[in-house]
Amino acid sequence: KEKEVTTTSEKEESNGKTLRIVTDAAYAPFEYLEGDKVVGFDVDFINAVAKEAGYKVKVEHVGWDPIFVEIESKRADIGISAITVNDERKQSYDFSVPYFLSTNKILVPEKSDIKSGKELKGKVIAVQTATTGQEAVESLLGKNHKDIKKFENNNLAIQELLQGGAEAVVADNTVVEEYVKNNPDQKLKVVEDSSSFDQEFYGLMFPKGSELKADFDKAVNAIYENGKYAEIYKEWFGTEPDVETLKAQQ
Amino acid sequence: MIKVENLKKSFGDNEVLKNINAIVAPQEVVVVIGPSGSGKSTFLRCINQLETITGGHIFIEGLDTTDKKVNINKVRTEVGMVFQHFNLFPHKTVIDNIMLAPLKVRKVSKEQASQRGMELLKKVGLAEKANAYPDSLSGGQKQRVAIARALAMEPKIMLFDEPTSALDPEMVGEVLEVMKQLAKEGMTMVVVTHEMGFAKEVGDRVIFMDEGFIIEENIPSEIFDNPQQERTKAFLSKVL
Amino acid sequence: MIKVENLKKSFGDNEVLKNINAIVAPQEVVVVIGPSGSGKSTFLRCINQLETITGGHIFIEGLDTTDKKVNINKVRTEVGMVFQHFNLFPHKTVIDNIMLAPLKVRKVSKEQASQRGMELLKKVGLAEKANAYPDSLSGGQKQRVAIARALAMEPKIMLFDEPTSALDPEMVGEVLEVMKQLAKEGMTMVVVTHEMGFAKEVGDRVIFMDEGFIIEENIPSEIFDNPQQERTKAFLSKVL
Amino acid sequence: MNFRWDIIFEYAPFLLKGTMLTIGLSVSSILIGTFLGLLIGLGKIMRNKVLAFPFYCYVTVFRGTPLLVQIFLIHFGIVPFFTGKTNAITAGVIALSLNAAAYIAEIFRAGIQSIDKGQMEGARSLGMTHTQTMIHVVLPQAFKRMIPPLGNEFIVLLKDSSLLCVIAAPELMYWGKAMGGQYFKVWEPYLACAFIYLFLTLILSFVLNRLESRLKTE
Amino acid sequence: MNFRWDIIFEYAPFLLKGTMLTIGLSVSSILIGTFLGLLIGLGKIMRNKVLAFPFYCYVTVFRGTPLLVQIFLIHFGIVPFFTGKTNAITAGVIALSLNAAAYIAEIFRAGIQSIDKGQMEGARSLGMTHTQTMIHVVLPQAFKRMIPPLGNEFIVLLKDSSLLCVIAAPELMYWGKAMGGQYFKVWEPYLACAFIYLFLTLILSFVLNRLESRLKTE
């Protein structure tokens, strides 16, 4: 029998039914598997929000593509997987208010002379498909530009960089920083350039027309206000969140 | 016993049997000879319904086998057939080869099938090979097992299609011996063969076929010593 | 021409040839007979080095073929071989079958090979089949092509391994005819066969083998009418 | 490159669990696939072309489209349609079985057609029916010849089961990816998985060779 | 479910480009793989067991490990080792060729061993060398018998090329995934790809069938 990979919020004041939350637990530190447990920022966040909204939730690792099938068919209630909100996706799904401001950073070899986003033009860049990193680079170079290599995950994108197949990787700051921290021997450095990249936001994903959206939007704002959000954020990323920008985006 | 009326058989455009008429009486041994490709095998296979005939009728014990209502598997149990290449089942022992059809078709008990099988093996002189696999037998032994296998269904008629032509010369004798024995016991037989010695000694009648026709038929002594047709003469001059 | 000295051949534990001594003189036709499994084929195949011998020596025109320094492919071009199952190349036309070895081994020109090939086909009576594929030929025709193919290398000796035993009785004659013709022209030949008629008519000497030994050898009339050994007698009584 | 043996050891229990599931998925799919493959193979050689056509289409579609797509269709389409919810393991077994069945059907067809016609005729001339002949004479012999290609197919299936990680069936590759995801590592998980797959296929080959030579001498 | 035809149309040029690359990758890998497969197959049937052993290992390893892992190793390991940087297309062709070579080697081996020993003896008795016999007698006949299994292998390879999307080789599946990633749609890209793969495999089957029947009547 399948052993389900779950985390359940403890207190249940709810209307009985447990919401099914689907994720692709392959994007540390947002969501990943620690052994057979799904952990990460997104998991703590959704548990806090659900508690606030008065729902019982169960987070299930289903894989990337399956998230969309599960949500579209309404077999799952919410998708949370560091999902970047954009207009194209809004055509098919509803999204909550943004809950995370993604700062994209550039990962380059130590010897690289790339100092800003602008200098990425004409260079080969590796990204993970469907991430804010891809959005950011495509907004610079153009959609499906030939110099953009899209990988299934950031691991592979970084490996491509290490083996000389790309000159830079663009990804969430947390991802690249985590990598550099974990792999000091790889001689990589992180380049920051908030000016060249558009701001990208993560949202909770609902089936089109979901009645949960309103409750969860309210709950997100509530944990912004009561400091719970900042607490979780600091626990995972060690810095203060930019709640103002998030709220301004609403 | 067998009555063949206006039998025709074509493969596509190729008419292989062109209006064959023949009768085989009970206990008669009919030998069919003729050049390669003349339709001898096809003739035998039609009797056994291994080929669907294109025209005419075949009666076996008065039953029209071409009639759709006749159960062809039933008919085949009455007609044993022995092939040039034995067609033994290589994954079964000799005794299992013999027992298979009685068990599955006649639904006899295992003991009965095995007992009868051993009797038949004794008859063809191979009792000690009961548990051997066909691949370990010589050609002559294989063919004798094939005969025993056909006899196990207790057929009323036996058809032989060049039973000795795949055998080494030394082994031909032992198979012919078994066939002679069968003939002596009164089995009705139709034998396609190139063994003219057998035809002369055992055959009650010889049929000479060429190009899908029966050219000539007669008692052996007449056919061999006094053939009426040019084609028969030409053929016999080559093979004798 | 051929001298075989103390030839031994084993397959694993199974000693198939046990000390064979034989001489074949130029232009001589030696016929080898014996029961199945007695080692006749193995004997021929050893002469041609298709089997690596386990002991003894084979001299062909004075050359010790078992000597490591002798180019075995060179030796084989001097020794033609015809097999029971023809072993024609089914993907090549008759003329290409014949031309292949002269082109690749003797490196003769295409025109020369083709001209010589056609001559040989005429000799075996198959000139009109030059561009047919082997599969469209009868057994007898195939065997005649195989003989022509072997002759195309202009061998000094021809080995035949039961060249007619896979043939329909009608076709045996035409192949034997070609072989007789060859013998008449003075070709040195070693022929394994069950055709006693051929042995009597064409053979200069008959060797009877059994269980890996040469039991008896003599001129045909002596062997057939007056065999010295019990085993020879027993064998001949079965096949004649 | 520093190879992190420690994370392999950390994940060893999960890899073991995944290996067990991989074996379970493969074995059940092989059994079901062989059974279905037999039926489809027999369907494809029916003399009635109209009846044989659906079987023909089945084989064409399943062999002509990527297994990945088949997995998605079955996981998200077929299984929920019948049971109301997704189940990666059920879907995995179904997808692998149906896919393998198409290949196995071809193996059966080829195996059956490789049996000398004389066998069928020999049995029919004894009065056995077509079905009896198939069961007692043709299939036992065909099966022996099918062992090498079936063995290949089993090895392919074993490796193909790694695709089930896309629907999060917790088999071997799934845990490999989890390990890579947690530690941002590529070589450690993939090489570890590769060795386990190699080990499994070697065992399978060994078993199949034994089986083959035992059947040969029989 | 509303099926978004519009995004398929939007991505049509990319899918077409991807299809072209898929075809290019497959064709070149088939050619190289067949050539290598022949050599390896011949290596494996050498009578000298010591010389044959490396070929045996090659086949075992490439057939026993997932293609995905082979792709990673070649893309991130072998190719950069020689050229200093990665190249998805080069790595893709190499990985597919080497993988296919292992399977094709087995096909060659089986094909060669299925040719009656009499053919070899017939040619050797005429004084032809082992090599001449292989080239002019055995291989031409073996090749004819190998067309059906080779055809299967080509179809497998065509579909396997979809795995190259993991190293961002912009073939068909890569663009399918890009489309899915942009719109968060699953069915549209995968079904579109499935149909294109099916179409390609059907064309391939058709060509192979024609070839087979032409060689048969020859």
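Just so it is clear, A, B, C, D and E label the chains in written order, and each chain counts residues from 1 on its own.
Note that in this section a residue touches a chain if its C-beta (ideal position, glycine included) is under 8 Å from a C-beta of that chain, and two chains touch if they have at least 3 such contacts.
In UniProt terms, the chains line up like this: B, C = Amino acid ABC transporter ATP-binding protein; D, E = Amino acid ABC transporter permease.
Remember, it's a predicted structure, so these values are computed and weren't measured experimentally.
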_Taking contact as defined at the start, I'd like the list of chains shared as neighbours by chain A and chain B._
D
_Quick check on the contact network: minimum steps from chain C to chain E?_
1
*With chain centres set to the mean of the C-alpha atoms, which chain is at the far end from chain E?*
B
*asked:* Taking each chain's centre as the mean of its C-alpha atoms, which one ends up farthest from the centre of chain C?
replied: A
*Is the contact between copies chain B and chain C built from the same residues on both sides or from different ones, judged by whether over half of the numbers are shared?*
same
*Computed distance of Cα centres, chain C from chain B, in Å*: 35
*Approximately how many whole Å separate the CA-defined centres of chain B and chain E?*
51
*Give the residues of chain D that touch two or more other chains, as numbers and ranges in rising order.*
72, 76, 186
*Taking each residue of chain C in turn, which ones touch at least two of the other chains?*
none
_Can you pull out the residues of chain A that are in contact with at least two other chains?_
65-66, 69, 73, 156, 159
*Hey, which chains are touching each other here?*
A-D, A-E, B-C, B-D, C-E, D-E
*Would you tell me which residues of chain C are touching chain B in their complex?*
35-36, 138, 165, 168-171, 173, 194, 235, 238-239
*Any idea which chain E residues touch chain C in the complex?*
116, 118-119, 121-129, 132, 136-137, 140-141, 144, 218
_Complex interface listing, chain E residues touching chain A_ = 1, 4, 14, 75-76, 79-80, 84-88, 165-168, 174, 177-178, 180-187, 190
*Touching residues (chain side chain A, partner chain E) in the complex*: 65-69, 72-73, 83, 88-89, 91-93, 126, 129-130, 134, 143-144, 149-152, 156, 159-160, 162-166, 205
*Spell out the residues on chain E that touch chain D in their complex, using ranges where they run on.*
60-61, 63-69, 72-73, 76, 106, 110, 148, 152, 155, 159, 162, 173, 186-187, 190-191, 193-194, 197-198, 201-202, 205
